[in-house]
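Heads up, the next two complexes both have chain A, just with different partners, chain B and then chain C.
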Partner chain A sequence: MTISTAPVSEPVAADTPPAPARRPPRPGRAREWWLGAALVLPALVLAVLFKLVPLVRGVVTSTESSSGFGGSEFAGADNYTRMFDDPMVLTSFRNALLVVATLPVWIVLPLVLALLIHQRSPGWKFFRAVYFVPYTIAPIVVGIMFRQILAPDGPLNALLRSVGLQPLAIEWLNGRYSALFSLVAVALWSFFGLGVMTYLAGLATIPEETLEAAYLDGAGFFRRLWSVVVPMLRPTVAYWSVLCASGVLIWLFPLIYALTQGGPGDATMLPEYLVFLTTFQFLDRGYGSAIGIALFVFVAVLSIFSVRHMFTEGTRKPR
Partner chain B sequence: MFRRRLAGALAAGMAAAALLTGCGGGDAADGPVTLKVLTWEPGGTEYWKQVKTSFEAGHPDIKLEMQSVPFDKYPEVQGPYITSQSGPDVMANNAGLELFDRRGAYVPLGDKAAEITKDLVTYSGACEGFDTAKPCYGVPFSYQGNVLYYNKAVLTAAGLDPEQPPATWDEFGAACEAVKKAGKTCLALGLSGTFPAYWDFPEIARNYLTEDDVRALLAGKLSWKDPKLVAVLEKLAEITTKGWANKNAPSITMLPDGADIFQRGDAAFAGTIISDAVNWDAFGKALGDDKLGVTRWPAVDPAAPLAQKFSGIEGAVYGVTQWSQKKAAGLEFITWLAGKENGELWVKHAKGQPLNKNVDKALLPSSPAFQKIQELVAQPTLHAGVMLSGPEADALARGWQQVTLGQLTVDKWAEAMQQALERSPTKKQTK
Partner chain C sequence: MNPRHSARIGRYLLTFALVVVAVAAVYPLLFTVVSSLKTQAGFAHDPLGLPAGITLENYLEAFRRMNMPRLLLNSLITTLGGLVLSVLAALLVAYAVTKLRFRGGKIVFLLIIVTLTIPSQAIIYPLYQTVLDLGMSGQYQGLILAYAAFGLPLGTYQLAGYFQQVPDELIEAARVDGAGHLTILFRLLAPIATPALAALAIFNFVWMWNDLLLPLVIMGGSDSKTLMVGVSLLSGQYDVSVPLVSAGLIVALLPVLVIYLVFQRQLVSGALAGSGK
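Presenting the complex of A and B:
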């Protein structure tokens, strides 16, 4: 037996957990972070350059008073207060609200058509192609086409008269409301194909068996639409809703440009056309920018709920 | 020859000055200079092809690159160029306030204006306040205004004498009733866009305003609530509210939609311009030269000092842009535009009213309608339409559309016009 004189080490308490060993940083993680940043950076730079900078510049210009294309001076909130006294601005936003009121049609119609195509209704291949064709035609060309179609003696009225619907053969672009809703209808014709495609992409993610099971359980078309498709397609519907809410006013611009120029009177005057008119025809850049910022706020308020909903959907953890 | 030498000397002088000040950038150092020209092609594509060919043949050191934009879309295309201070070297604008609104985009011609334009029949619409003593910004080569074209066959069918078209407002009203009874539209009219109202307004205004009033309108010193201007609006309103025009006028354009109604033989009258768009020629081809008549718009008050005059204005004015790096070449081009060679091209290929007085008279068209227009333009006065700012012209057009549709009274229209005047950037400056 040997006796050691070395100090005895203190016994380790049994209930004290061992201190976690510090892992050395993995070089792979840093590389991942830098790669991620590098991938995001171009988009970030583009967003700042082409979204944020123009927006800030627009805000700055909206606080300036300019005369023609000459210099400008600081005008504070004058351009904003002026809007409240300008009947054309108020009318343009009232018209915008009327257009926004048609959003349910923009959202539901493509959904119904997409579902008809998805469940392979007769002629579905033909319609799948045909529905998308109007979207491929330049909006300005659509405008020029519909100038002829909607003319008092144009093909639409000729068709209505030939099928005995004479009272419906009105002067489409000549009335306060008929002109605005004619424009909306033309825009819908032009863009619904995009909605159909968007919904078809969403529908492709719904398992066939689910729809088949609902069908076998006796659910009719609208029951399947409401109880199966819509809940499962919520993210797609939300996406299309945001796109419509923020885009419908912009989509109408080329049609106003080609068809009505905001008339007759102020019947089809929408804020974005008024921005264009004020800035480039009346040469009032400051006031045009102020109307543009008001339009930005208007669209942001419209879209905020859908965007929030989409964000919530997108960040929800799978159960 | 002298003009060419003068233009050459001016161009050389400007090029040297630009070089000395370090802003001559792209001017003809190596090879031909390419000038970008923004135009709505007044006179048509064929005329502008000839302009390019003839000018380049005489100026091998300069090439022209035309950017052609439809007339009714022109301001919207031009505006962004001006806002961004970039784009074409030479641009067009209508003479008058449209040009003044954009004067910051053009190089003032200074003393050269008098030399360049000395052979023109008239020249003031490119100068501030229609005053050649003030800065001038460009050069015209055509003469413009509005007349009333009429279809003799429609008048005859309505029991009217085609050789005695209505000369007064009351006679016009009576003629319209007769034409309507015969199942035709009296006045083919399109009110969509700014220009129809802008062109028709002076035809009525001439009955109520003096030349001083028209200058006050330009300066923004004549209120739209002034009884004279309210009376003008009332008469404009009568044209549509009395049913003299086609019902869809508020939603169609005058060119081409309104003109199409007339060309089809469905209307007795069409009020539209004499030059740039060569309506007398197009109407003559459609209806037959012998069936086409031309007259002055009917006088509301035949005794008014300007009632029997012609509201005329130089046509498109071409100026050199402030941001151009090829100012000397641009000046050479616009100098050529005002000259005899281009004047004769204008007559031959565009069949337009020439402004250069040295144009060979033998080249002028022999059409009776064109000859009648020569009689009418012989007694010119100021054109009230070109005195309107952008917001005023827009409010005039929209107001007329709304009055026609029964959505606005004339008093409210006058109020809207006054509000438009008060928010006109350019007129704010001149007040």
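Presenting the complex of A and C:
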């Protein structure tokens, strides 16, 4: 709370003499700089204190060998070389790549649903409201909920058996690949509504007249979709794609925590869960930090495009 | 098959697809509600069907076990604190970067949105160390400040994008009329950006209320732990029955669901406003 008071006190001083600010341009400009500096201060303090400082400390800790409650000593790149020989770490990053490979589904499925809703068939507002409901439920709650839904004798398998799909009624959370598949499917269940909402917002910016004109020119439904709607929706698709790319791994943590704990074996072990496990359960802080830094690099590479996109969006002058 | 006929079949298929997804979206929730109303024996006897008789005992027991009022209060304080602080800080940066002649503004903007690439999971131990060093472990302000920092990049980006659309002439005119910068920001720009602010507030409320890792690590087992930490602990106890856990889950998800249903209109219009480029 102390931080937020800084900018409030500053502008009072900046406000009192408004008249002489006009004549000599330079002091006014300098004062505007000081005002700007004061305004960005709280955000800078937050970003530095809770993001950059921990990141730097993480890098430092990752070069130390420290475990248990004992002290720590400098270990150079040992923790990093150790990762390459650790099957758990390698599996976790391979699983992360598998998850990233599902990104097209994350991008296309909400788009299709948004397009269906956008047809404005009866009750479309109801569907729009209902699709967002899963997103409002906390991932940890979602995870615990789906532990029941996906249980061997749970409602999903009961449904599959009742419609004659007996062979599909498997132990969803207990197979080498079915566990990771279930995890991603539950995550998708939990987040698709946000995507639908984002796409609907983008669709709303397409003028009716444009579609009308294409319709009058004889363009069929799919032609209109492909030649008019999709190109005009590109910024929204880009925005949602970058959000998914930088978020998909992060969103999985509470689900792993509640659903699989990384198992069976290491089938659903992902880097973000491994960092948590190594640091707080095995108390191997140096190694945990090294895996954390590797995860940071992985996410940073994935989301570098989103940052570039956001930077140009935020600094571009309109028209 | 005339085209009119096939168009009608298309409509039916479309509605059918929408209904299937809607059922998939709400069924897990309904299942949890139904389970929470069963007695333990009733659930063991028939886990999938409707309850023979409705009991509220699970809710009372969940309240007793979890010290629910305290958890709700903790979640409310930290979420609102983080939300207000994060939006306020983002508002100030967005104004400085887009509407002031402020050298270095672009670098500050870049620095803040770059922190989006630092996930809490990657730096969780050093973050915990830092909060500990600040003497804020197990304290409300520790979690509030961390929430604010993690909500900052997206908020700054959204508000900056919004302010960018406001013509500079409008600001100039207000300046000539003698308005100070803070007056312009809070009396002129903030009202214009209300849809974006509302959407941002709801978005922040949802993720801060629902977050697990930050409160788990910063609050730990202290009395200030949030509702989600309480829920995660509840599900770990082995003597806890499915109906009891279900009741705990419903209590945990209800506040956000209610907020969403109440502010649904603002969320939609805010999402619309945010993408208008």
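Assume the second predicted complex is superposed on the first by the 250 of 319 C-alpha atoms of A that agree within 3 Å, B and C clash if a C-alpha of one lies under 4 Å from a C-alpha of the other, contacts with A are read in each partner's own complex, and residues count from 1 in each chain.
Here is the rule we go by: a residue touches a chain if its C-beta (ideal position, glycine included) is under 8 Å from a C-beta of that chain, and two chains touch if they have at least 3 such contacts.
What you see is a predicted model; the values in this text were computed from it and never measured.
In the superposition on chain A, contact is made by A:33 with chain C only, not with chain B.
Applying the stated contact rule after C-alpha superposition, one finds that A:171 touches chain B and leaves chain C untouched. Within the superposed three-chain model, A:312 lies out of touch with both chain B and chain C [touch as defined at top].
More residues of chain A lie in contact with C than with the other chain of the pair chain B and chain C. After overlaying the two complexes on the shared chain, residue contacts for A:162 are found with neither chain B nor chain C.
Within the superposed three-chain model, A:227 lies out of touch with both chain B and chain C [touch as defined at top].
When both complexes are overlaid on chain A, the residue A:260 reaches chain B alone and has no touch with chain C. By the touch criterion stated above, A:276 is placed in contact with chain B and with chain C alike. Looking at the shared chain after the overlay, A:49 reaches chain C, while chain B stays out of its contact range.
Looking at the shared chain after the overlay, A:132 reaches chain C, while chain B stays out of its contact range.
257, 276, 279-280, 285 are the residues of chain A that lie in the contact sets of both chain B and chain C, per the superposition on chain A.
Interface residues of chain A, counted against chain C in their complex, comprise 1, 3-4, 7-8, 11, 14-15, 18, 29, 32-33, 35-37, 39-40, 42-44, 46-47, 49-58, 61, 113, 116-117, 119, 121-124, 126-142, 144-149, 153-155, 158, 189, 193, 197-198, 200-202, 204-205, 235-236, 239, 246, 249-250, 253-254, 257-258, 271-273, 275-276, 279-280, 285, 288-289, 292-293, 295-296, 299-300, 303-304, 306-307, 310-311, 313-318. Those residues of chain B whose C-beta lies close enough to touch chain A in the complex are 73, 75-76, 78-80, 82-83, 100-105, 191-193, 247-248, 250-252, 389-391, 394, 397-399, 401-402, 404-405, 407-408, 416, 419, 423-426, 428-429.
The part of chain C that touches chain A in the complex is made up of residues 11, 14-15, 17-18, 21-22, 24-29, 31-32, 35, 47-48, 85, 88-90, 92-93, 95-98, 100-103, 105-106, 108-127, 129-130, 134, 141, 144-146, 148-150, 152, 156-157, 160-161, 164-165, 167, 178, 180-183, 206, 209-213, 217, 228, 231-232, 235, 242, 245-246, 249, 252-253, 256-257, 259-261, 264, 267-268, 271-272, 274-277.
Against chain B, in their complex, chain A makes its touches with residues 66-70, 82, 86-87, 151-152, 171, 173-176, 179, 257, 260-266, 276-277, 279-285, 287.
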